[in-house]
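The two complexes that follow have subunit A in common; it is paired with subunit B in the first and with subunit C in the second.
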Partner chain A sequence: MHRLFLHSSSPVLLLLAKEFVSEYRNRYACSVILAFSVITVTSISISLANSALSEETESVLLWIIIFFSAMAGLGRVYSTEKDNNTLSTLRIYCCPQAIVFSKIVFNTVLLLGIACLTVLLFAAFFTLRVKDWVLFTVTIWLGVSGMAVVSTLMASLAAEARGTHALFTVINFPLLMPLLLTVTDLTTRSLQGVPADFDQVCLLIGFDLMIAAVTILVVEWL
Partner chain B sequence: MLIILGALLLAVNYAVFYLLPPMEGLGYLSRIAVLHIPVAWVSVLGFAVSAFWALRYLRKNNRLYDIKSAVAATLGLGFCIAATVSGAIFARLAWGSFWNWDPRQTSITILLLTYYAYYGLRLAVEHEETKARVSAVYSVMAASTVPFLVFIMPRQQFSLHPSPVINQAGKIHMDIVFSIVLAGAICFCTLLFFYMSRLLVQKRIAGRKNAEQASPREEGVKI
Partner chain C sequence: MDSITTPIMAQIKFNNICMSFPDKLLFTNVNGSVSSGECLALTGPNGSGKSTMIKILARLLRQSSGEVSITLNAKNASDTAYRSAIGMIAPYLEYYNMLTGLENIALFSQLRGKAYCGRQALNLLDKVDLRSNADRLTQTYSTGMKQRLKWAVLAMADPPIWLLDEPFAYLDDYGRTLVLEMLTDAQNRQRAIVIATNDAKEAKLAQTVLTLVKSGTFIAR
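Entry: the complex of A and B
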């Protein structure tokens, strides 16, 4: 599969192939996120001992788990480059936008996988019933992509610091808060079957577009 | 500068205690708005100024701009704390509890966390130039989420917060005396912000020069 990409002339495709190949070789990020998601869902389920959850609680828990799994695994795209001193090679090879874009795509795919898995686990453990599938899917997609963009940029900042991991969560959380609040509200609506508030979907799209634009502008100087 | 600031402070204080009429529904509680609104405005201004100097730093790579950006963020955080405390006191007197997660209180908490994390980031990076670059990028990113927190999200939900100065309808319906006093207070706070940031920037430059004399190998401020 990756041989196919390696013959491509586009730097973004090549970088993307590189991300997936290096992840495939040690499977660190995948396994950490997977373990995190499974452990949290099962521990919540054990401690609740089969008592039913309200839709609000379910959506809040779902997003908390997705957020913290993201924090556990997404920071790695830059910290490994830093540890191996490979970032400067990448910078010689192509423009910073291509680097950050490939990492964002990789993180989005990873996070989307984890979101799907967490939803499945929720369906198994907490009898999650989605009444509005369109809204639910759109919300997950918009939330996950926004989260991936912010956390990729923040990973590149945190990679420069001491105590990378703790700092990564601390700087991500407040920036993602507007997104998380909107997304939990929309997920609750989709679970309850209440019609979506169009303003909130617009807010989410606006937030995603704006952080993407800022990232593309700002990454020039990193 | 100090004389102007002092005169404005005295004038605003006099107006608040002797001229301001009690507001309908709130009574003399409206006095706290004369502190709360300007302070909240200046904290948002501080974050915007910080992002402005951060962008300048990223483009010109001049260490002075980094100092200015950091000072503006510090002052913004200080004013933000003042806005939170004055808001909480108002909430206690008007709504009965200091904290009840009104949409405005939620967003100000996130603002506080955002710029607290800015400090964490500055402290965690050791190399001077990396620190400046990293915190500049963070400041720009943080300032771009501020409009969502301050202007958009609180307006989507039901809030007990008295309607903001510039509300949805874009109309200002306030007593004329109150508007004038408020304008005076906003002028005072904005001037105070710029005066304090100038003092702090000078102080930091002086501190850096001293450090530079003590250890001449370190790179100094390029001005």
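Entry: the complex of A and C
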């Protein structure tokens, strides 16, 4: 009996199923991101020798780890397709918007899983105490989504350039600066129990939506 | 399959196509057209621009100047319809190594908006002699098997216009015979076919031959 994971009339769902099945079978991105996350948290924990960290430091460390985990794994979404000559095949068979949208969703899910794991590792190795869980969860979700969208757009650009991976991190960092500054501040607030700055939450939502819209619009010409 | 019962009459037309790179003029003013039931061969020496021309027709590359258009049932195709009207086989187009042969067929035929029919997919794999490998990951396939899989995917999607770059590459004698049959069948079913090849025998399959020459011009017969 033939097991078939790929059964849908929606191109986005089909491509998403393809991404998850492929990742499940080779586990490359998951392994790279997971290894980076675990090694970094344990290294920091050992070097700090159980010293107490301030909420600001914990927040910055958390987002640095998520950022570099994203850079380690998410850049591959397009470069692997390009290297394996499957990107052109996809372009023949479906619209670029479906391709980029499925990759955004896949990257978001992947990064969200890594962020959850990193938070658990932080709770285990440090004294991470969240006082405002709603703000903390919303910040992680919006921050990770924004990072996934920007990374996907930049990965699609970098795949067309030489020296792909070095270029990927370099062009991502300035674009993600506003997002990183905002999520770090909001995470600190959630750890300290300070009320959220609504304008900052709106900024995050606006940033995510704007980059997603730009990605969907420009992808036709990439 | 709808396309068999009510064949779509398609035509791909290219006018004054020029392609140049910063350091090289590849070709200028290439003109031609292929309609349903016809076959056009693009021939020429290595580096003359056959693959580039096929990529331009598939919209994988943008030409420096000139126009490519597709008409479906005498109406100009929109961007979406253009994409849906083309199927392509080329050495630089691969399928997913981490999916099985059957999953690749299912993925690409459904991306084309065709309802997946398992029996039809298995019949096609049978036809290209890959039935026993249907559930194996394509990373375990040989180059020739991958080429046969490309033919099965194209036959399953069955678009009105077939763009074929070196379609007989890596195939053994049985595979070549099989592909010849599939090509003849496709022409009988009113598919428009463009073949880029170096092989004079393969070019004989076509009613029209367009020879690209290295000086950047072309000769049609």
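Please note the rule applied: the second predicted complex is superposed on the first by the 217 of 222 C-alpha atoms of A that agree within 3 Å, B and C clash if a C-alpha of one lies under 4 Å from a C-alpha of the other, contacts with A are read in each partner's own complex, and residues count from 1 in each chain.
Please note the rule applied: contacts are C-beta pairs under 8 Å (C-beta built on N, C-alpha and C of every residue); 3 or more make two chains touch, one makes a residue touch a chain.
If you're wondering where the values come from, they're calculated on a predicted model, not measured in any experiment.
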Query = Looking at the overlay, what does A:P178 touch: subunit B (first), subunit C (second), both, or neither?
reply = first
Inquiry  = Once the two complexes are aligned on chain A, which partner has more residues of subunit A within touching range, subunit B or subunit C?
reply    = B
Request  = Would you check which partner chain A:T86 touches, where first means subunit B only, second means subunit C only, and both and neither mean what they say?
outcome  = second
Message = Help me check something: in the complex, which residues belonging to subunit A touch subunit B?
response = 150, 153-154, 157-158, 160-163, 167, 170-171, 173-175, 177-178, 181-182, 197, 199-200, 203, 206-207, 210-211, 214-215, 218, 220-222
Note = The subunit B residues in contact with subunit A across the complex are 58-59, 106, 110-111, 113-114, 116-117, 120-121, 124-127, 130, 133-134, 136-138, 140-142, 144-145, 148-149, 152-153, 156
Inquiry  = Touching residues of subunit C toward subunit A in the complex: what are they?
reply    = 58-60, 80, 83, 86-88, 92-99, 102-103, 106-108, 110-113, 115-116, 118, 122, 134-135, 137, 157
Task = Spell out the residues on subunit A that touch subunit C in their complex, using ranges where they run on.
result = 2, 4-9, 11, 14-15, 18, 21-22, 25-26, 84-86, 88-95
